[in-house]
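Below you'll find a set of structures to go through.
Next, two complexes with chain A in common: one pairs it with chain B, the other with chain C.
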Partner chain A sequence: MPEVARRERFTLGLTTSLKEFLRQPLQVVLLLALPPLVVEAYGQAMASFPALPFMGSMPATLGRINGAVFAAAFLAGLVGLFQVIAAVEADERLELAGFGRLELFARRLGTVLVVSLLAAGTSLAALLWQVDVAAPLAAYGALALAAGLYGLLGMLIGVALPRELEGSLVLVFLADSDDVLASGLANIDAPLTDLTPLHYPHAIFSAAVTDGSVASGDVTGGLAYLAVLGVAALAVYSVSLGQGGVLS
Partner chain B sequence: MNFRHVRTGLGASLRTYARTPVLLALLVILPAYMLGVFGWILPETTVSVSLSGGESVRASMSTVYLTLLTPMTGALVGAIAGLFLMQSTREADGRLVITGFSPGSVIAARLGVLVLVGVLVTAVTVGVATTMISPDALAAFALATVLGTVIYALLGALAGLVVGRLAGVYLVLFGTMIDLFLLQNPLATDTPTLATWLPGSPPVELALEAMFVGDLAMAPLARGLGMILVVGVLATAAFALRR
Partner chain C sequence: MPNIENRVDGSEESTDGGRVIGEESNVVLRATGLAKTYDSPLPFTQSVEVLDGAGLELRAGEIVGIVGENGSGKSTLMKLLVGALDPDAGSVQASGRVGWCPQDPLLYDRLTVAETMRLFGRAYGMDDDSIDEALDRLAEQLDFERFRDYRIDRLSGGNRQKVNLAVALLHDPDVLLLDEPYTGFDWETYLAFWELTDELRERGTAIAIISHFVSERERFDRIYELADGQLSEVTENDIDDAGTTTSASPENDPTTEVARDA
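Presenting the complex of A and B:
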């Protein structure tokens, strides 16, 4: 197939997936309204804590930083999970019709990435309302990275456990552990925390908001995590697609 | 309400659960993983904890957080189970009502499943937690976890009837985090009054009293049972309106 036709087919598939997402008003509301609510709720809730010695910022600011990261990341994770599960049968048929596995994966990933960028934007906008962000561009990049990581994680879980209940349980527990670890409320200093998906984006985002610095080690770590998850998600997706959407 | 109908509905739901071993395994593994990991990495630093009566006690951070995370883990599983139970059985439940089941019987059967999920999750979470902490009143501590699981399971069921799955899961995650982990956190010193009226308050208060005072606190228990009643009525009303 000529390259132009292939590109047109990919764009058509991507826009169809996005239209499917945007056609449901509740999902648009989630994307636009929930990040500001979560950011503010986290900020207000954390304001009731004393400024403990191990907290990097004032509690309310710390709460808003955490809220922004998780609002962006978890929404993308859910979209990744539900999209992959809902599209299992359609993708099977498209593969039979001649679509390549990489192309189908890229189409699903494209939708997740668009949602990730939008979720990062609304979360950052909500944070900017109450907090002076020292380096807004770096902060946006960190949120997009967080959303991208969870989007891929959602896709990976969706392929490995292609049922909404089981997939949601795993994703929620992962996100919850991540959230508790990054909340700054428990002074946890274990090497295990470096392995959590949001460790690097959270570190980049916190620094970008508070002092405007960007640590290259954190950026490298976050991008490496993204690459590993991307390869793993593609591999698992490719294997499952040839087997009716299941791994075994 | 017809008890034969409730039993039939409950039996059918339990058979559906039994047919999904992956789900049953996750209901055991995930809570155990959550508490096990946090029990392992939480520091032993001593912190001051505010109890409901205004008194404060000093305890290690790992003890405080494991006390908080036990009912929270139950609530998380309960809410997800409630959300998907109502979503996945919505059409079948509608048909059951057409064949003569009352909405109350259908809801009672689903509630029975959620209570059994709550008991299973409580057994796992309390079992894992007590390898690391020793509540002064173990039965009250377990009751706090069941209470948290059932209250949130009903809220999940309500969410399953009112909003979609994606929105429901989003609300479940952030609802439990904001309510249980942030607003009910005993390290907070200036908790807003509103927090007392949130669904996470009774189970956490009950768990803290059971852990540090060794009592079964009746006030939060009564509030928790009241919440179950209110949310149960709301879920039944939502079910009757949606079918």
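Presenting the complex of A and C:
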């Protein structure tokens, strides 16, 4: 197939995938409404906490930081999950019709990444309403990274557990506990907490909000995590397409 | 997994080694020794052996029925034939373009009918004009013109099935594999379906139709029955007055097929 036709086909695939997302009003409403709600709820809930030495920020600010990371990650994860669950069987038919497996994965991933950027934007906007952010661009990048990681995790969960309720429950518990562990709020000094998906995005985001610094080691670590999850999601998605849409 | 477009090239070559299949006898699809068992890595789940050495041949310009009881493995067989599942053993060879109409409409719920056709048309490698032309023709034949701008999830079950079938027919396939294609059709659409298949047969398309039972024996050139994981060709003597094979009885299976209701 000529390169132009291939590019047109991919563009058509991506735009139809985005249309599918935009035609789910609940997800669009969640994208707009959840970040302010979560950021403010986390901030208010933490406001009554004493300022303990290991916290690094005022409790309310720390709560809002955690809320922003959670909202961005969870929303993108949810979209990744539903992208896979709702469409993997139809994707399989489209593959049989002629789409490449990589093309189909890129189509889903493209939608998840677009939503990740939007989720990062709404989450940061919700934070900016109450908190002075030292380095907004770096903060946005960190949230986009968190959202991208969870978008991929959502896709992985969607293939391994292709049921909306169970998948959503796994995702919410994972994102919530990951957020708490990565933020240092639980004050657990164990090397394992460095391996959680939100560890690097949280480190970058907290620093960007509070003092405007960006540690290159955290950025490298976060991008490496993204690459590993991307490969894992592609592998699992590809296998599922050859199994009637599920891993069994 | 090879896709429909790539696994066949229209030059009578199969995908597994490039052998010509059945040039003399007009065989366009041949499955031999198909075996499939569903295993699960989870504890307390049973392995289910569905197919055990099933084989069939489809020739250009014939309509073949495949019948069997619920759970006999008809849909699994269809998925193996089309390449949606990989067999544990055996092989499938096909030549020409293949169209597949799955039992459950595998479509994108939030796309319109026209968007669905464009997406699948592009997947088949068609240009916009060919897609529009095919969509016009199929929408008229199957009577879903007024639903072209409707989203799939806003269609009734019968209309969704029409679109499901239209997707399989869009690229004018040489081999058409239909899994319970007329479930939910009204009588007019049911008749239009058979008119369409007769037209396709005359043009040389090979058609396999899976069904719970065969209600009108005369519409089929040959009938296979799937039982105990194997396919066997059914003769006239195996079909009772109700038009069913002895094991695939409608009494055991209150089907929704329109032919029975009519």
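The criterion applied here is as follows: the second predicted complex is superposed on the first by the 244 of 248 C-alpha atoms of A that agree within 3 Å, B and C clash if a C-alpha of one lies under 4 Å from a C-alpha of the other, contacts with A are read in each partner's own complex, and residues count from 1 in each chain.
Definition applied: contacts are C-beta pairs under 8 Å (C-beta built on N, C-alpha and C of every residue); 3 or more make two chains touch, one makes a residue touch a chain.
Everything quoted here is computed from the prediction, not taken from an experiment.
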| item | value |
| --- | --- |
| First, second, both or neither for A:T193, with chain B first and chain C second | first |
| Touched partner set for A:Q24, first chain B, second chain C, both or neither | both |
| Chain B versus chain C as contact partner of A:E92, first or second or both or neither | second |
| First (chain B), second (chain C), both or neither touched by A:A120 | neither |
| Per-residue touch tally on chain A - higher for chain B or for chain C | B |
| Contacts of A:R9 with chain B and chain C, given as first, second, both or neither | second |
| Which superposed partner A:A160 touches (first chain B, second chain C, both, neither) | neither |
| Shared chain A contacts, counted only where both chain B and chain C touch the same residue | 24 |
| Complex contacts: residues of chain A adjacent to chain C | 1, 5, 8-9, 12-13, 16, 19-20, 23-24, 86-87, 89-90, 92-101, 241-244, 248 |
| Of all residues in chain A, those that touch chain B in their complex | 24, 26-27, 30, 34, 38, 41-42, 44-50, 52, 63, 70-71, 74-75, 78-79, 82, 161, 163-166, 168-173, 175-177, 179-180, 183, 185-190, 192-193 |
| Chain C to chain A touching residues, read off their complex | 1, 3-6, 38-41, 79, 82-86, 100, 102, 104, 106-111, 115, 118-120, 122-125, 151, 167, 171 |
| Touch list for chain B against partner chain A, complex | 20, 22-23, 26-27, 30, 33-34, 37-38, 40-43, 45, 61, 65, 69, 76-77, 80-81, 84, 88, 163-167, 169-170, 172-174, 176-178, 181-183, 185, 187-192 |
